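The data blocks that follow each hold one structure.
Both complexes below contain chain A, partnered by chain B and then by chain C.
Presenting the complex of A and B:
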């Protein structure tokens, strides 16, 4: 029976080329966009190289000093002294690291001008992150204590600065007027991993201003590693108990009386900062509601369109319905046939969508729009796409099939 | 085999009421070959559709093989049609998207017969109508006579007790018409299949056992032939 339906589906697809094209185009494009968006979502928020412990990490990215009376506010990353005093001293975490926001610098290497992102960090940063070292190793507290001018660079910078494929270990790179000895080369990561991505990594003691900055605000994020994911709430509790007791500084006329700080999962820290900065409630919940509504709306349009196309397509086949009824098909058998046909068609659309998205993601990864882009289709996404195809098939097939199956045989035979 | 008692069929629209069949009572014996004649629009096809459970009478009773049809639901009617009745239509009514073999298999598809067995029986039926060399052709690749033979093969593949043929030779020339009639006669003789045939052709009707005539929805005469 299924083979017969499959045969009919393929014949109908081949015979009604325009219909097939419209249907497959609608399904494939919609699903492709959803798959690509999911891949971007995973790329942005999932545990990825080199943030291999993102699932058990918390991120402190922002401090807000608020003066209630005037409504004035100072907002930004933290200073090293703040991190040392209030985050490094937390008891619950396994490790606390910090890294600066990325800076840009122009330098000259291998006969060309290079624009590089560089970042300062402490040695713990290298313990938490899973960078793959292609050459050398990370700096430790020893280099900082000895005030050594060292740097870690990524493979792209090595190739651009020293020449493709040439070793860089022990060579000197000039950043911001400082000559730095390269002690490690890591495999780079995409710029979308904002907390960790850079072309050059320097130990924090090489930053001229911040090590001695006693302000709360500075240019650093903190990454707090828990022993397990279950410890995350306890760490947040411990920190948020401290925050209200932190003595506030005055800056001339600006006298803040309240301090807001964040210590959240990567997703929350990013979404909170980007989309729902000042809102109450969970950023994650509202983000998911927003995304789900968008996906539903996005999918329902082609589904409604398909219902329409299907009604006219099935109407065209009323003679076939009459014949099948005359030779023993019950209404339910016919509903099953048309739904199966539709599901097969949409599953086919789903497969086309997977191929299209794979092609697009491959192109995107190769395009250099984001260096080191590593967008992939994973099995969860494929499964979601197939389930979505099935939902599409059912949504767009059941109603027209049911309507047509009720048609009296004698009417249907008239065509 | 088939018993129609006081059958009436009325078609209603908002403004008009048309009496298509008027108080038809008719008994058809098992193994009988009956023809129905009458001018266009007199209710022949409606009567045939009611016998084939494709349409419902407005009033009256229909029994097939001593089973009264009235209390059947959609599923039971479908099963009954599938097992007891085979149809042959004037315009063949083949599914153009399927090859000949698949068209002939159709009634078996709704009987849960295995694919292999379906193919064997369909090939056998096609052989009976002399079309075993056209199994993989599509209906559009066949002549009118060949299409009607495929339709006959489809009607007989499930070995139904009754075949209802609505002007089976109506679209064919006399030679083709004769061939089709011979196949029907052979089926009736060899397998004792009850056949009810609507026709406009007096010569074809005279080859059956009995001819009933309809006029304006009423049964006006019945002639028995000795063939």
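Presenting the complex of A and C:
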């Protein structure tokens, strides 16, 4: 019986090639776009190499010193002394690390110009992150205490600076006029992971600007690792209780009287704290409403299209339904056939979509638009999207067919 | 004729409802995309007011805050740069160099009116380096600063925003409350964030000792080798400095890409959606027309020409589209009326016009082939089938 249904389905699909193409195109294009967009989303926000503990980490990225009267504001990352005083002393977290915002520098090794991103960090940074070391190992407190000039580089920098495939351990690299000994080579990560990505990592004591800087503002982010995800709210509570009591500095005419600080999950630190000032709740809500409305509009279009096409196709097949009814087919047999037709068409569309998006992601990963890009298909999303398109297919294809199959055969035959 | 079509469609409004809904949603999407395109294109077509050709930037950091040291370092760098033949002109500038990622805003006040503006702290030779020309007054020089006078040069946009119709040259404006500034010059445009930046407020002030990034206009002979030498020689002045050389045209390209890539992605996605809708409409129309053979037969039998039948079906599709557009127009017009976004209203007018035009073009395109099929039907065959 099933084989019979399959045969009918394929015959119908081949008979009306145009309709089959339109439906398939709609399903597969929409699904592909959805798959690719979620792949980008995952790439940006999920737990990924090397931030293997992102789900139980909090990120402090910005301080805002506000002068309420004039509305003036100083905004930026923190200094090491601020992090040591107020974040490293928190009791609830397991570990607290810091790393600087990425800086760029040119180095003219091997007769060509290399533009490198470099970052300063503390030893804890290497304990929290899951970097894969291809050569050597991370620096520890010992190197910092002994004031050693050392660096950790990624594999791409090794290949560009020292030559492809050559070991770099123990060799020196010139950065900012300093000669640094390479003590480790890590597998690199894409630049989109802002907190961790760099070509060269240096211990913080090598920083040229006075490391005893007592200002709050500096060029560092803090990464706070919790023992478990459940501890995150407790850590935020502890920190936000301290923040209002932190003494504020004055800068000549500018006398701030309020401090806003953030300690957020990765998504929040990237989306909210970058685009919105702390406490700008309404703007944020409006932004999200706007985005969701646009997405809804986007998704509804292919759905309406699918429903529209399906309904007019069923009308076309009213005579087929009439004849089959006249020869004794029950409503259920007819419905079963339409269900199978729809499922097959959707699955086929899904398969095309998976192939298309897998092809695109593969192309994107190796295109070098983002070094070390590692976009993959999220199978949960594929499944949900397939189920959704099935629901729309069934609603629009099977329900009218079922109603028509309840009509007397003569009516259906008349069309 | 039109009345006739309206009546027919109104009677079948339930079966045409989905098509109208589809047109409605497509209209809204096209409206958003066209408005964005018009906005972006307008900005792109506005003169930039600066040239990036053979301009290099040196992101220099002395890594100190001591004022006396800064002054000595600045003199050291000035003398060094002046001694290099390949460097035609140079200027110090603050961190917010053109096409860089930083920006700096201050509040200006004139006769009680307050306006936010970008502040550029720059040197005397800044216009020479960037090929800027002034439309009124002149650039500030050392002579302007005698007697505690603090000269500024402002953009035309800022003059309009802050001073209104008043003649800008010689006006006193105050910065952050009370520090008085005198306007000595006006530039027409200075769009320094990307080629797609909206014309905006900006003013220039003489750089202080803490503004020590460099902008260089280099000669035609400046190549990668020269760049390496320059970096090396600057580093030799003091090993504690951080130095990074970039080319302004490349910085501009980077900024442009950051604006363009999301727009391109949006275009591709919308393009597929609209194509999808077009295909869907085509299918549905094809289906509808083949079900109305009898009607076509009668029309032909009572004397309608082929062209009239074709025109009728295209007209019918256009009327359905108009219903969808009408509803979409009602929603789209709310955006300029309610001032949801701070953009010129004419952009929305263009957005609506272009969206209406493209919807009509798409529907005509989709209706053309099925309508021709309908017109080709012989009345005898059609009526016989019936």
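As a working rule, the second predicted complex is superposed on the first by the 359 of 415 C-alpha atoms of A that agree within 3 Å, B and C clash if a C-alpha of one lies under 4 Å from a C-alpha of the other, contacts with A are read in each partner's own complex, and residues count from 1 in each chain.
One rule holds in what follows: contacts are C-beta pairs under 8 Å (C-beta built on N, C-alpha and C of every residue); 3 or more make two chains touch, one makes a residue touch a chain.
For clarity, every value in this text was computed on a predicted model and none was experimentally measured.
By the touch criterion defined above, A:300 lies against chain C but remains apart from chain B after alignment on the C-alpha atoms of chain A. Once the two structures are overlaid, the count of chain A residues touched is higher for C than for its counterpart among chain B and chain C. Judged by the touch definition given at the top, the superposed model places A:141 against neither chain B nor chain C. Look at A:285: by the touch rule set out above, it reaches neither chain B nor chain C.
In the overlay built on the shared chain, the residue A:30 is in contact with chain C alone; chain B does not reach it. Legend: residue contacts after superposition of the two complexes on their common chain; A:172 is shown touching neither chain B nor chain C. In the superposed pair of complexes, A:11 makes contact with chain B only, with no contact to chain C. In the superposed pair of complexes, A:330 makes contact with chain B only, with no contact to chain C. Of the two partner chains placed by the overlay, neither chain B nor chain C lies in contact with A:89. Applying the stated contact rule after C-alpha superposition, one finds that A:68 touches neither chain B nor chain C.
Within the complex, the chain A residues that touch chain B are 1, 3-4, 7-8, 11-12, 15, 319-320, 322-333, 408-410, 413. Across the complex, chain A meets chain C through its residues 18-19, 21-22, 25-26, 29-30, 33, 70, 72, 103-106, 108, 112-113, 176-178, 208-210, 253, 294, 297-298, 300-302, 304-309, 311-313, 315-316, 415. Contacts from chain C toward chain A in the complex involve residues 18-19, 21-22, 25-26, 28-29, 32, 59, 61, 63-65, 176-177, 224, 227-228, 231-232, 235, 239-245, 269, 272-273, 276-277, 279-280, 282-284, 286-288, 290-291.
Within the complex, the chain B residues that touch chain A are 49, 52, 54-55, 74-75, 78-79, 81-83, 87, 89, 93-95, 97-98, 102, 105-107, 109-111, 115, 154.
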